[in-house]
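Both complexes shown next keep chain A, but they swap its partner, so chain B is in the first and chain C is in the second.
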Partner chain A sequence: MKFISKYRRHKGALPILIMLALTGLGFTFSAATAAPASNTMSASAKSTLVEEGQTIFLKGCSSCHGLNAEGGAIAPSLIGVGAASVDFQVGTGRMPMQDMSQQAMRKKPVYNDEQVAALAAYVASLAPGPASLTNEQITWERDGNTADGGELFRNNCAMCHNFAGQGGALTQGKYAPTLMGVEPKHIYEAMITGPQSMPVFSDKIITPEEKLSIIKWIKAAESEPNLGGASLGRVGPVTEGLLIWVFGLGLLIGIAVWLTAKAR
Partner chain B sequence: MSKELEPLADPGLPEHIHRKADIDPIAAKRAERQVAILFSLSAVGTLLFIYSFFFIKVDQFIFLPILGNTNAHQLGIGLGMAAGLFFIGIGAVHWAKTLMPDQEVIAQRHEFKSEPEDRDAFVKAAKDGAEAAGLGRRPLIKRTLIGAAALAGLPGVLMLRDTGPLPGKELEKTNWKSGTRLVTDPGDRPIKASDLEVGAVAQVLPELLPGQKRTLEDIGKDAVLLIRLRPAEFQLDEERLSWTHEGIIAFSKICSHMGCAVALYEQTTKHLLCPCHQSTFDVTRAAKVIFGPAARPLPQLAITVDGEGNLIAKQPFTEAVGPSFWERSS
Partner chain C sequence: MSARERVAGTVANYVDERTGAAAWMKKNLQKVFPDHWSFMLGEIALYSFVILLLSGTFLTFWFDPSMRTVVYEGSYQPLKEVEMSAAYASTLHISFDVRGGLLMRQIHHWAALIFMAAIVVHLLRVFFTGAFRKPREFNWILGIGLLTLGIVEGFLGYSLPDDLLSGTGLRIAQAIIQALPVVGTYLSFFAFGGAFPGEAFIPRIYTVHILLLPGIFLALITVHLMLVWYQKHTQYPGPGRTEKNVVGYPLMPVYMAKAGGFFFIVFGVTAFLGAVASINPIWLYGPYTPGQISAGSQPDWYMGWLDGLVRMAPPIETHAFGHTISWNILIPGLIIPGILFTGMALYPFIESWITGDKKEHHLLDRPRNVPNRTALGVMALTFTLIALINGGNDIIATHFSLTINQIMWFSRIGIIVLPPLAFVITKRICLSLQRADRELVLHGKETGRLVMLPHGEFIEIHEELTPEKRYTLTQHEQPKAIELVTEDAGGVLNPKGIRAKLQARFSAANAENIAKPTAAEVKELEGGHH
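And then the complex of A and B:
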């Protein structure tokens, strides 16, 4: 105690106290927010899938989507969106949202596969909607056709997701995300549910076989090596132009200065 | 005229300052070595090019910081050729700047006009030649030559005709006629209204008649985007509302600004965005331009259903699709 009273008027005392307070607050907060996840795990042991999903929903989703998934001022209704929508949004980490920005982005999923399945079962129990899929059901390697997929992709997807599936900008901060490294089932679910800005691609417009072809083309584009040298993000003339304008012209200007400098 | 105004005296050349290499043999030797090193680097670059060309496999990849996985074959070829050319140039400039003479030398210009004797001789030779050819005595040859030379210029002018013929009314017409079925692109399948759920889009083209072929020009004018909304979301006048069917609305996909394919549809905002210049169209208000350089809304295609429930065009487009042109009537 003597030690504390000795240093309490030290000029470093206040900053240290503030740091300690902030750290303590941070740990308390993370402990508080981590609690729901561990609670749901114990609940899963004694309740059915739908009830478990409802429990997760009430804790993790209802503050925005409403206690009965009816939606609210800041979040849409989830009645009738189907299990596929939940599997896509939660399985890719887009939901729950990190912040109220223009668009939910792909990140490390908050819930594990069983929890996603439970949430999907709960949302599907509210009203019928597209069912969620597993990667085994998406038989793109067997039933897809890369050439057809390329044509379909250029006609239906390339305008937003870029001709090489790298993604692109939309209006006011929204964007079409890159398709590289996305699980086949998530690509399929996105096409049938139309998440966020993306429109729906109905099965009669793009048949299930055609959807598999699109996935096969995306996977082919993903594994395509950059035989031509550095890809520069595969977004076309913008990065190429930027590179040559900044580095190419910079080099030329440097050489011009050196050429005209008087030798000593 | 004031007598004080004297022309400026010629300041002459600035005093010549010798470079280090001019006075110090050690510096000269060093400069010589530097030039030799630069030329050798160029040789190494060329050898790297040859080595990469023959001995690095085209699908060999190496990992580089920042660049990531990079094709070693292309990298070697590119770096080798760049070094081969770059260091020859750099070496030559360094050579010139350090070792070659740097005294300023005045080169006097001479008159461009030839000597009078040469000029007279040329005129005489030309006259003698014309006399020998006998053009004055043989008017037939002279006239036919003039005629042939004048005609020879004509093909050059005539070939300009290949830039035509003028399109006439072609730009105003598309293959959409009253009753043409809407089919998917690609796939050519007819579409029923029930095939589209709310929020769904479809890229469509007019159905081909038997024996008809679709050209790129056709697709460039006929491409249409089909969007389904909730009917309550439309803010259309009576006529335009009658052009939709159960919330399904059809627009020409060709931007009214520069003709890019406008198909970036944001389902949440109901905005259509053109990827080329960011013109933004509000689908709920008949593709009204709400942002960007486009001057007109996208032309709307009136649609309805036939007896089998397939979506068909009610009537052709009422205006020319795509960007403006001089003869455009609307």
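And then the complex of A and C:
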């Protein structure tokens, strides 16, 4: 404080103080005016959200999915896919698609959360379908069981997504993506909507509680430390073989060369 | 008396005063071995075997080879209260509840991978240098036997924990057994004691893995080494090295120190890997049940090429007389490996038949000087490598953004086209290296120094080789083609017929070499201008 009081009679003290006060006032004002605006957004009628979604849809999606989401030669109809599907596909960045390759890949989302919600509301308004979820609704930490989830995972998921959820190859360049770093709601939505090559796991096949267990197991696998040392990608013996030939044997042969080198 | 002889003498004397074995020891402790890095590859295999015995013994203290169903109560939480076999539960116990258990498991597994890799590079060294030639044919066959047993032993070893990955491997092994026509089904029932997976298999392979095969290994390795001892080690050619001597260092003290030190280095590298790199994390795989499978299930690398062959096989089956013959398993799983291993075991005899060479050989070949053999070796390697790549096709597909189908078709076509191509290219490279050697002997080393002569001509100064180097490059004998005798002087047809024709043809191809410089040529050039 001594530092500040020492300069209180400095020539520049007044202008700086005025600048600080003005900046502070500006921020306070903008915060004060912004807050009611967002309140009115959430309070606004559902139809506004749908309209907003339609606008985004017409701009960003209709060229492939059709003006009324009826689908086209290169894209499926979205009537009846539900908000969950939109939340998963757009929320994980898979849609809009980067290119027309075998499969849409996960990437940085193009739309923000509000826009995704609007799009989801619009698609849900076309015909009923699975509703989208929030991470708060997925109470995996409270209601899931890791060990049960592991059993379910190995029975239903590991055949494509690998034993540790690292992903795996399917035919013709399609693949099951890695499950590491995926939001719980997206995992849940994928199970109920069956995106791309994935089958739908309805609540009759895997109950909602079991789905939470699966998510809990995936999250446990994600946060599990590599107990045996470097994980080598958790993809099985291929990387182990690579390491033993390149590092293990390479090093040992190098040492053999050193041991038999002629002394100079 | 040199210092070395004194050391050996002292040791021999000490033992002799107690056992009376001085003469034998003095002779054998001074036994000379040649010095070359490639002669230590087999040692890596030997030392990993010792590591395997030691770490394996540790693991048997806690492993329970039983298919009894238990409920897991150990400290790995994600599997808490999951039903599993006692074999799997005890492996988890070793990994998480035995002090040093996980380290020992990982050392054991890494040592197994090093063991197999060292066997393969040792085999390649022996093959490419022609060390399998008379009188070492039996030792070569022993080596092939050890390689085959190693593959089986490794497979049984990683099958023991009864985890999801190894269970998948066992299922494939069972499929291969069943693919045997007529007897397959019965053999499978016999091996598994009923339907797959049953309760009998794990305890059975445990006995085989820890008792029978290690016993056979010990016996075979002993004979393998005794034969090396008795026949003496081969050596690379050079001045002073002949078919009748061995130039190198004595066992005591030089090789005692080198080999002893090398053992600890191998142990160190294995322990380091065991400490820092995860291998076979069975707790992630989960317990085996036949209804489950993981994407990207792979065998260990030494089985990977077999898996790759099975993966690329087109789906061909024959149904006849109520039996199914699955060619898609039978051919890649049994017939091709059978041909490969039999061919490998018989190769010394095949080569000596082709060359007609019945002499003893203790001097090694430089691979370039035997283009046909070298090319054949590279051809076989190419074949195995393509199969191995296809064995990891799903991992390669996801990590390099390829499609499994592309890799499969590459392998299917490549495995037929690329090995012959590799043969031709390797042979050309060998011949070209022979040409380079010839050039080197006749004209010396290029120094890069250009000199302008008074009349304006530029020449490059060539540095003459030392006589030792020149000897090393020219000491080898070049094979002559066996002439085809269709009928003898009396007009009688050769009774060997087609066999003689084949032999003549192969031996002509084998004799295709760049003529090495003769003494006369060298002399002529020495008298010359440069």
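In this section, the second predicted complex is superposed on the first by the 198 of 264 C-alpha atoms of A that agree within 3 Å, B and C clash if a C-alpha of one lies under 4 Å from a C-alpha of the other, contacts with A are read in each partner's own complex, and residues count from 1 in each chain.
Definition applied: a residue touches a chain if its C-beta (ideal position, glycine included) is under 8 Å from a C-beta of that chain, and two chains touch if they have at least 3 such contacts.
For clarity, every value in this text was computed on a predicted model and none was experimentally measured.
For the composite obtained by superposing both complexes on chain A, the positions of chain B and chain C are in clash. Legend: residue contacts after superposition of the two complexes on their common chain; A:T171 is shown touching both chain B and chain C. Set against each other, chain B and chain C touch different numbers of residues in chain A, with C touching more.
Contacts of A:W217 after superposition: chain C is touched, whereas chain B is not reached. Once chain A of one complex is fitted onto chain A of the other, the partner contacts of A:C160 extend to both chain B and chain C. Using the contact criterion defined above for the overlaid structures, shared-chain residue A:P225 touches chain B, although it does not reach chain C.
Once the two complexes are laid over each other on the shared chain, residue contacts for A:F201 go to chain B alone; chain C is not touched.
In the superposed pair of complexes, A:L152 makes contact with chain B only, with no contact to chain C. Using the contact criterion defined above for the overlaid structures, shared-chain residue A:R106 touches neither chain B nor chain C, since it reaches no partner. Shared interface residues of chain A (contacting chain B in one complex, chain C in the other): 151, 155, 159-160, 168, 170-171, 176, 226-230, 259. Residue ranges of chain A in contact with chain C, taken from their complex: 102, 146-147, 150-151, 154-155, 158-164, 166-173, 175-176, 217, 220-221, 224, 226-232, 234-241, 243-245, 247-249, 251-253, 255-257, 259-260. Touching chain A in their complex are the following residues of chain B: 19-20, 58-59, 61, 67, 69-71, 74-75, 78, 93, 97-98, 102, 184-187, 189, 191-192, 195-203, 227, 261, 263-269, 271, 273, 275, 278, 280, 291. Residues 35-41, 43-44, 77-82, 95-96, 102, 106, 110, 113-114, 117-118, 121, 164-165, 258, 261-262, 265-266, 269-270, 273, 275-281, 283-286, 289, 291-301, 304, 392-395, 397-398, 402-406 of chain C are the ones touching chain A in the complex.
By the touch criterion stated above, chain A contacts chain B in their complex at residues 148, 151-152, 155-156, 159-160, 168, 170-171, 174, 176, 194, 196-202, 204-207, 210, 225-230, 258-259, 263-264.
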